[in-house]
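Take a look at the structures below.
One chain, chain A, appears in both complexes that follow, with chain B as partner in the first and chain C in the second.
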Partner chain A sequence: MNKKYLFLLCCFCFFLTGCWDEMNIEERGFVVGVAFDLAEEQSGDSPMITMTNQFVVPAGFGTPSEGGNSSEKPYSNLSVTGQSLFEMTREMATIQGNAPYYEHLQSIVVAEELAQEPHMFENVMDLLIRDPEMRRETRVVVSAKKAKDILEIEPTLEPLPAMHINTVNDNIDRAGGLIQPLRIGELNEYMLEEYNYLIPIVRAFEDRIIFNGAGIFDGKSNQLVDTISGLEIFGVNLITGKLKGGFINFKAKDEKMVYEIKQAKSNIKIEADQTDHITIDIEIDTEGNIAETFGGRSLLDENYMEVVNKHLREEIKHQVTDILKKGQEEIGMDFFGFSKIMREKHYKTWEKIKGDWEDGKNIFQNATINVTVENTIRTVGTTNRTKDLKRSE
Partner chain B sequence: MGRSLYRKNDKKKAEENFSLEIGTNLAENLGNVRKMLENPNDLIIREFTIGNGNHRTAIVYIDGLVESVYIQDHIMEDLKQATELPDDKQELFDVIQHEVITLTDIERGQSLDDVSNAILSGKTVFYLDEVNQVLIMDTKGGENRSVEEPQSESLIRGPREGFVEDLSTNTVLIRQQIADPNLRFKNYKVGRRSKKDLLVVYMDGIANPDIVEEVKRRLETIDIDDAPESGYIEQWIEDSFLSPFPQVLSTERPDKAAEGMLQGKVVIMLDRTPFVLIAPATFGSSMHSPEDYYWRWSLATLIRMLRYLAAFISVFLPALYIALVSYHQGLIPSKLAFSIAASRHGVPFPPFIEALIMTVTMELLREAGLRLPTAIGQTIGIVGGLVIGEAAVSAGIVSPIMVIVVALNAIASFSLPSYDIAISFRILQFGLMCAAAIFGLYGIILGYIMINIHLVNLTSFGVPYSAPFAPNFLSDWKDLVLRAPITMKKKRPVFMQTNDEKLMNKGDIGNEKV
Partner chain C sequence: MKRFKYGDERISERDIMVAIPSIVIGVGILSLPRDLAALTIGSDGWIPLLVVGLMIIFVCWAIAKFASGFPNQTFLTYASKIVTKPVAIVLTCLFAIVSIFITSFQIRKISNIAQQYLFDRTPIEVIALTFLLVVVYAVAGSRVGLFRINLLFMPIILFIACTVIVFNIGWFDFGNLLPVFQTPVKDYPKIFTSGSAAYLGVGILWFYLSLVDEPKKAPKAAALGMCIPVGLYILIFIMCIAVFGTEVTSNLLYPTVELAKVVEIPGGFFERFESVFFVIWIMAIFITATMAMDIGVFALNSIFKNTMKIKLIFICAPFIYLIAMFPKDVTELDLFGTILSNSIIILNLSVLILLPVVAKIRGVKRNE
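Our next item is the complex of A and B:
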């Protein structure tokens, strides 16, 4: 009997503790987007940062039966300036009423000027990687101007600007000029391994978000070094094999054509027998179809198709070598992931030449890179030509 | 632990036993009967003479309990028409029993106790003057419901007949299902005062003798005044009265009872109730419906899986809602989280109270629907549910999502084939809701583990309740969550340890391994 009472007594202890983690869903301040800017007024030794949180205002969504409440915005942005991010989130709790809750954080926008400061970016990211409330899936973008402005754009389809960034980013397979969004988890890996990486750049243009190019980040100092354009991203994607789709404009015998890439593979082989000079062979294999032509010649002509293919190969090769040259000569940084392949495939050599890869002996800059391109044109569309050129002449 | 509570050694008899022997004086004998029953107005004592007025006789019965046509045609007529009767009283008595009366069920009684038992169960007693014995003739009659479709277990496809209150009709229904000489009926009397007939029915040669013996042993311990329904029996003989799970199945369907017996189970039938008990029960068998075997296997399998999903929903859904909404908002997909937050905007109660209000309301509606006549009950149920749900939402007391959760939960619980198991899930649901409100998902997992520990500990008449899940019998999985084609089900359930393992021989001619 005594044991029974003891057991009951133990059970009552649970009730004494209460529900310490309990917080009702409507009391949470859901943060969907965070933007980081350098504060306009700087004071003290360490730089001041302005953190903007985009809170969801659930009432703004309206219930479906009410047909959506348009009078209220579904989000509210709140900016706080300070030095420590943690301090700022706590400050926000006192202003907002609902404590910020980051488990539904969709995107992080970092201003370009902040990213250009050495070590600033990694310090900002520390909390976002460290905090257990943060997800590894959260995406990071760089804003060309003020990051806060990106969160203030009112998209027409998506109710929340922060989520709109992701929806645009998801269309990477339609346009080759978009880089795969960088997830916080990947960022963490790149930072630890000191690989260079690319982060997409967004711009606020009137009331639209435009993805334009990408920022090249130095893996050691984690700062934005240079930017590349959308067309150059296309080349990078072809090299890394991460191209999910896209199109390429080219001319075959003065006829403008558009080749739609459905699938692209790349095979990179690095010969690292000599430690002072390495050779990189890149094989690019694409598959796609002719999406549009501005001429009238029949595409069923095999000889002509071979000419078309040749021009296409040259165009692709041209784009790829352009960006490789820019990387090697102009920027002097390896953002193609070659260093990762070196580490994985030639670990011993890599350990020796690691310090001379981009600096010192400049092994990367002096490397010989050979590019070969293969195309498979699967179809030319539902018709071989839409107009008869001979007759119109 | 609970069984000891029942084993009260209270054998003191509460009634005065009429052990009076029957005398030779007819008037005195009839007087005794009158005195014992205090001469109620439905006690019919008809005195008459036979054999040209030489022999004084009487028949005694209770009006309404007997079929008066029997008395008229087979007793009165036969006795009047009998000629050349012997003069010796004892000889005459023998002749009447063996030659005159054409009723088939006829026996002799010696004491007043026999007489009272007989007439109270619808028999007719024949007295002959100067003979200290009586004839007890079965003239049972009375009002009986005809065989109808079972109300609590209606099926789309399957026999439309259900058990009725009358035990002999029920026996016939069982006999009609299984025409096997090994079908055994063992008779018991239950109730010190009601003296109801109780039958233990099983297939000799299939059912494990240990299980049959255990059922009989437990039935023999029953010592109550009356058992108005088989629920009394169930609660007397079940293994653990603390468990929320039904350890004996009850059914109104003869086909289900027959199927149970062919799986080696024992069927317990009580007079005056259409619900028969099937023992032992397992968790798996509570989730089965006879219809599963009547449909083709692909559909049956799909329905079975759906049913297990329904079981999960009926136990866990409100608890999951509470846990996710008050602790783990990060686990809800973003857009759903925002819309739940929007719908909960302005609701004054925490999710647990909200869920409690709605589930209790649901239970009340269910209960109210049962009490009212069928036609009104349904309308009240539906209209009440809609009105209360709709009104509660627009009044801002509960969120629309909560209404969906409760509705889904109720639908899932109704879709379970056995009402018994649905009730036990309802009980568990409240416990899990509390666990979720205190500990969140962690509490639900704790509750789930506790339920599982309980399930594997529970036995029903020696058969593990969780079989064939927990003592794992792979071959029985053919008829568990999935239902394999009938031709593949060649054995009776292994966990029942039946004497005769094989269920069929067809299609197995070439490779008889068993």
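Our next item is the complex of A and C:
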């Protein structure tokens, strides 16, 4: 009997071979940011891409009590050039000594130059969507110049440049002229459904990252077609109802004022009974307060506030119609999400006309768009006037 | 070797109520939203889920109702009375084979998923073998013990499923659910079959009812138990569509796993929620596989009364492993799953129709 147990015990040794996937945390190269550029030297038929990975160097962080080790940077950037991303990540493992690990990837920066090439952008994104290590919340931004430069800035507050992009973003609700970087999950949706989309453009300026405008991507070829400015994004955000907050400068009877938007809603109705000519009604409803005035009139005067509100309405309407006109006439693309609403609310009609939406019959370009704006000015701040006009005159 | 034995090998109707969701909730739901989204437009997939679900709830009730008419008798005993012994043996064998196939399917599927998301380099064969060994260990023990595991695991599984749903509310985009009712009616038969794939395992009622103390209460309990997966599936499906949109859902291999991956607990201190999800979901798949294998052994044991249970288990295990390793890739595995789920439905429905009808014709009395 004892021998039997001994034999069994020996057999169990075979199960003690350990874990196949055993991996020490030190051996993992945690990647927090990835940048894609067109390679400087092109060879062969398909374009070469330079991929820059930002690895975290834990030693560079230091513990709070030590005050950080300033001699060492908390990150190291590694660039590799090649044609397929998978090939490049494998190559990186051989250079760096530890395999890149993308589970904690925060942001992806793509150079504008690369995004302008047809189908390049979607090819680059394929691996990032497909790989099981990738998360669907990773953010994508476009860099106006070299994407690599974005990962090389040295921000003062955040130790890692790739994380810095996200911190800057958290303040999006304070400035209306920004859009959220695209989540890769959303990108996956837009690419499959062939909706046009916007991706914010960033610039590296000394040690700062500046968000400046957005790139318009064509949903079919997934290439960057045109760019719009921050002010225009503000208009787009008002239309899509994604505005989280922001401000607007306007003039009421020659007095400059700033209106701070606390809340904005939009309601889009599409009349699609006639397939060759559709009407889009946009109702924009904002709520906010007067943040700053350069005049001395009483803001508690109801009649005057009526006038202020009227001017404000006109200013908002002006900004919105400007960008709509630009989208319809200049760019000829629907990046306001109308096609999504068409698909959701008028599915049968949409199936018929989707080929003629932007091409062919140009239904979108010829659509009549009506904009109505409503504002509710909740408060004017803590004081009515900070200076008296009559006395200063 | 001495084995611990519970006082009696009896279960209550509450155990049946928990056993049903335990066996039904398995790997099916991990890929179910994809299959449905691929065939439907907008969020229409909930319709087949609900319709098939209601049908299955009724089937559950009907099986339990019929089987409860023969208290304390195994399927083989009462089936022999109704349709003669040879036919009864064939039916029992079919149930045993189907159950063994379910076990194989669950084991292979979870090995595939685990390899893709958790163990990058561990061979699938090893994952499957390890999993099978644990399943065999569980089946080798007391049958009533299995029901206690169910009772223990079920709340945890439901809790984690609800957590996935609740933490995704932040990403909920109502627009993705539109348009509604646009799927052409002629497509529905095909959608129904793919919707039914996730409701495997109702066959356990044929066998386990012989263990129930008060069979009279069982039909209601079984139907109630079946409501849990039906509700859960609809919720998860709607959530997948609302978070990802129909087009993306139909392209994700395991939308439910991706749903768990999207979860980000506010504050950013906890990112990899899917690891917790996997741990719990492997428990769900574990009880599904164990119950299926137990039914297989139970059925075989009723035929070979003189053979020891443990011997039957050891004979079955290698077969389960071989069957599990048979499909070459994901497509073949999916095909295997489809054939399996269809044959299960056909088997259960035909037995459900055959037995009562023949019993009526030959005048076999229930409730003896």
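Just so it is clear, the second predicted complex is superposed on the first by the 376 of 393 C-alpha atoms of A that agree within 3 Å, B and C clash if a C-alpha of one lies under 4 Å from a C-alpha of the other, contacts with A are read in each partner's own complex, and residues count from 1 in each chain.
In the analysis below, a contact is a pair of C-beta atoms (placed from the backbone, for glycine too) under 8 Å apart; a residue touches a chain by one contact, two chains touch by 3 or more.
Just so it is clear, the model here is predicted, and its values are computed rather than measured.
In the superposed model, A:Lys340 makes contact with chain C only, not with chain B.
Of the two partner chains placed by the overlay, only chain C lies in contact with A:Leu192; chain B stays clear of it. Looking at the shared chain after the overlay, A:Arg136 reaches chain C, while chain B stays out of its contact range.
Once the two complexes are overlaid on the shared chain, A:Arg28 sits against chain B while remaining clear of chain C.
Once chain A of one complex is fitted onto chain A of the other, the partner contacts of A:Tyr101 are limited to chain B, with no touch recorded for chain C. In the superposition on chain A, contact is made by A:Lys348 with chain C only, not with chain B.
Shared contact residues of chain A, touching chain B in one structure and chain C in the other: 19, 21, 103-104, 135. Those residues of chain A whose C-beta lies close enough to touch chain C in the complex are 19-21, 103-104, 132, 135-137, 185, 188-189, 192-193, 340-341, 343-345, 347-348.
Remark: chain B residues 325-327, 329-330, 332, 334, 337-345, 347, 350-351, 400, 437-440 touch chain A in the complex.
Residue ranges on chain C touching chain A, taken from their complex, read 41-42, 116-123, 126, 175, 178-179, 182, 244-245, 247-248, 251, 258, 261-262, 264, 271-272.
Residues of chain A touching chain B in their complex: 14-15, 19, 21-26, 28, 30, 32, 56, 58-63, 74, 101, 103-104, 106, 133, 135, 163.
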